[in-house]
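The same subunit A turns up in both complexes below, where it pairs with subunit B and then with subunit C.
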Partner chain A sequence: MSFVFYLLTALTIAGGLAAVLLKNTIHCALALTVAFLGLALLFLNLDAQFAGFAQILVYIGAVAILVVFAILLTKGSETPTDGVFSHSWLAGLGVAAAVFATLGWAVLSSVRVLPHETSVPTATVAEIGNALMGRYVLALEIVAVLLTLAMIGAVIVAINEKAGSK
Partner chain B sequence: MTPLAGYLLVAALLFSIGLAGALTRRNAILVLIGIELMLNAANLNLIAFWRYGPHPEALTGMMFAIFSIAVAAAEAAVGLGLVIQIHRHAKTTDLDQMNRMKG
Partner chain C sequence: MFENLFDHLDQIFVLLKQVLVGVLPAAWQPVASVVLCVVVIIGLFPALFALAVLLERKGLGRIQNRLGPNRVGPFGILQPIADGVKSLTKEDIVPISADWIVHFLAPVVLVVAVFMGFAVLPMGRNMVLVDMDAGLLFYFAIGASTELAIFMAGWSSRNKYSLLGAMRAVAQMISYEVPLLMSSVTVVMMTGSLSLTKIVAAQNHYTYGLPHWFIFTPWGFAGFFMYAIATTAETNRSPFDLPEGESELVAGYHTEYSGFKFALFFLGEYLAMFSISGMGATLFLGGWTAPLSILTWVPSWIWFFSKLMLSIFVFIWLRGTLPRLRQDQLMNFAWKFILPLCLLNLVVAGIWRFMGDGWLRWVVCSAILILAYLVMGRWGMRRQHIAPRSYRYAE
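Entry: the complex of A and B
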């Protein structure tokens, strides 16, 4: 457990906590970006360069911007006066705490049987490209179709019918 | 504590934070933000197991994480489109006020 790991963990957890706790929705989206950045740096710390940079491109570059656009389009940046948490927030917090307790117990009780390879694996972009075009080509094609359908679906769902019928 | 256990604990904590956000916030966009955090925590698990597990040269965990990122991007686009349409229809994104499915 290195110092870098603790630093990146603190950054990621602080970003995640701020994303769910802050009152202003825009601030939440910006805190979410910090959490995504911390996760991308954790990926780089795990020697997964491609996944780390894909995380930065897809999440910080696309998803965070999409969230900000959605906030602007829905006037979600106005903080409601009667609180930002649901009436049943205590039950939700209890469920989340129970899930964390269960997961933490499962991890801590299986520390001895967890794999621990010390050799640093190499995953160059060429290797990943070969794997995507070879063994995983069917999954790649399905994801391509899924992304196209999701894009068309998102446009159709969000399209303004009244403006379109004029 | 091994490094893998540390990463798994971080992922569990981030997943729980995302779950708490998705379950307690009233704004629909904040619920989607919580879901994104949960998906990212799962990705961290996949990458950590790829790094410390046997046979990393097979790239299994890495591929799973990359496909998971792609599917999560599609999910975010459709989810936010739905939120925009609901806001246009109901004039609110407050989930406590969305208590009927009739249009």
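Entry: the complex of A and C
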């Protein structure tokens, strides 16, 4: 593991921690964006250009904006006077530790099952495009239809609210 | 002899860089090469920014029947220096209720993100900082992160004008990013590559002395116009400058910024204009290629920067000519007119690709686009009664 990897890991973890520990909700959202950026840079560090740039485009360009808009349009934007820890933080910690342990166990055991790759796999953007349009076209279209349905559903919900208030 | 000279002139910056980097030990050369390019980009574009601001003030003055700046130096050409000194020496005021960390970070994030976009633009033959496989994707990914900087600026100022301006700016930028990407996707469909150098290379052919630029095809023409409209909105320029509408919002998201931080926002806006114009030139206007085959001896970087400055001229011209839109007009225009046309343009680009060479595809593709433009234009205007405006109380 290189120095750059540790630097990016520190950035991502610091962003993630700040996102849960800061008091102001907008600060949390911005800290979450730092964590997204750290993840994107980790992808780029692994030579996965498409994944890295898609991460920036989708998460920083769209999801982060969505999050801050949602915070501003709801009542959550006020800074809480008492601490940010909820009453059930111990149970939450337990669940998180259990999930982390399961994932870690799965990852560590998969190393033994799968053969160790000798060469670094290379996936150009063109290859990813060909795979999406060829082998995985059905999955891609299903996701597309699902997203369209979600969007139409959101519009319908908004329309109903407007009609009811008249 | 002359051809050799012009070849050298074409590559003068590349050769200069090789000479300068060559004096260093071999281990430092890759780093030094990158650093040198970055320094040139960071120096060149702010210089161009000074020139563009002067051009804009002079040009707008000419359009509005006044002289424009004419006090500093002959014909006011030293005005940018005076502006620079002024903004550097002004007091930096941070509102007492402002969130000072985010308030400080917002202009920095904006300018850094905008500068990164220049990294992938091919500014001449062999003149690109990083020749990335996914250059176009990188450019749009970086461009999308400027929205967050604008939001940070508006929110951290704790000022309702700032916040409203930022909300407007972000809503507008998200809406127009869709047509921006959609119109660029047609070029990717044609060249089959996201690499900007390959996109330029695909346009670097000539038939009867005329170039194969994408703007000279039906889908490219439509795509270029939608790209140009989307860029005007994306850079918050008039007629889409609602986020900064002075009559309603003081100055929009940078109301509470003064001194050098305000100058950074100003710089960021112009740099975004440069980079997005450069991207438009690369995608549709052939990048650094010459407009006629007999002009290919002119150095490639001259063509790139000529196209860039021509776009800036059009931006200034539009600002001096068109009135500002209303918020609902802005949104309706993006979602009900530009976006359907962009989607149709994708289909047309597909038809163009699979009809093969020949005159028939020109007729079919042009007919579809013109028909769609007319029908959608009429349909959108069907309830509008365009007549001389009547004033209820002023007559």
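Following the convention adopted for this analysis, the second predicted complex is superposed on the first by the 133 of 166 C-alpha atoms of A that agree within 3 Å, B and C clash if a C-alpha of one lies under 4 Å from a C-alpha of the other, contacts with A are read in each partner's own complex, and residues count from 1 in each chain.
The criterion applied here is as follows: contacts are C-beta pairs under 8 Å (C-beta built on N, C-alpha and C of every residue); 3 or more make two chains touch, one makes a residue touch a chain.
The shown structure was predicted, so the numbers you read here are calculated from the model rather than taken from an experiment.
Engineer: By residue count, which of the two partners contacts subunit A more extensively, subunit B or subunit C?
Structural biologist: B
Engineer: May I ask you to decide whether A:G16 touches subunit B, subunit C, both, or neither, giving the answer as first, second, both or neither?
Structural biologist: Only subunit B; A:G16 stays clear of subunit C.
Engineer: In the overlaid three-chain picture, which partner chain does A:F5 touch, first (subunit B) or second (subunit C), both, or neither?
Structural biologist: In the superposition, A:F5 touches subunit B alone.
Engineer: In the superposed arrangement, which partner chain does A:A126 touch: subunit B (first), subunit C (second), both, or neither?
Structural biologist: The answer is second: A:A126 touches subunit C but not subunit B.
Engineer: First (subunit B), second (subunit C), both or neither: which does A:A54 touch?
Structural biologist: both
Engineer: Just subunit B (first), just subunit C (second), both, or neither: which does A:A62 touch?
Structural biologist: both
Engineer: For A:A97, using the defined touch cut-off, is the partner it touches subunit B, subunit C, both, or neither? Pick first, second, both or neither.
Structural biologist: First partner only, subunit B.
Engineer: Identify the overlap between the subunit B-contacting and the subunit C-contacting residues of subunit A.
Structural biologist: In subunit A, residues 50, 54, 62, 69 are touched by subunit B and also by subunit C.
Engineer: Using the touch definition up top, name the residues of subunit B that touch subunit A in the complex.
Structural biologist: Result: residues 1-10, 12-27, 29-30, 32-34, 36-37, 40, 43-44, 47-54, 56-57, 59, 62-63, 65-67, 69-78, 80-85, 87-88, 93-96 of subunit B touch subunit A.
Engineer: Flag every residue of subunit A that touches subunit C in the complex, lowest number first.
Structural biologist: Spelled out, the residues of subunit A in touch with subunit C are 24, 26-27, 30, 33, 49-50, 53-54, 56-57, 60-62, 64-65, 68-69, 72, 124-126.
Engineer: Spell out the residues on subunit C that touch subunit A in their complex, using ranges where they run on.
Structural biologist: 99, 102, 132-134, 137-138, 140-145, 147-148, 151-152, 155, 167, 170, 174, 177, 192-194
Engineer: Considering the complex alone, what residue numbers of subunit A touch subunit B?
Structural biologist: Going by the criterion above, the answer is residues 1, 5, 9, 12-13, 16-17, 19-20, 25, 28-29, 32, 35-36, 39, 42-43, 46-48, 50-51, 54-55, 58-59, 62-63, 66-67, 69-71, 73-76, 80, 83-89, 91-93, 95-97, 99-100, 103-104, 107-108, 111, 114-117, 121, 123, 127-128, 131-132, 136, 139, 143, 146-147, 149-151, 153-155, 157-158, 160.
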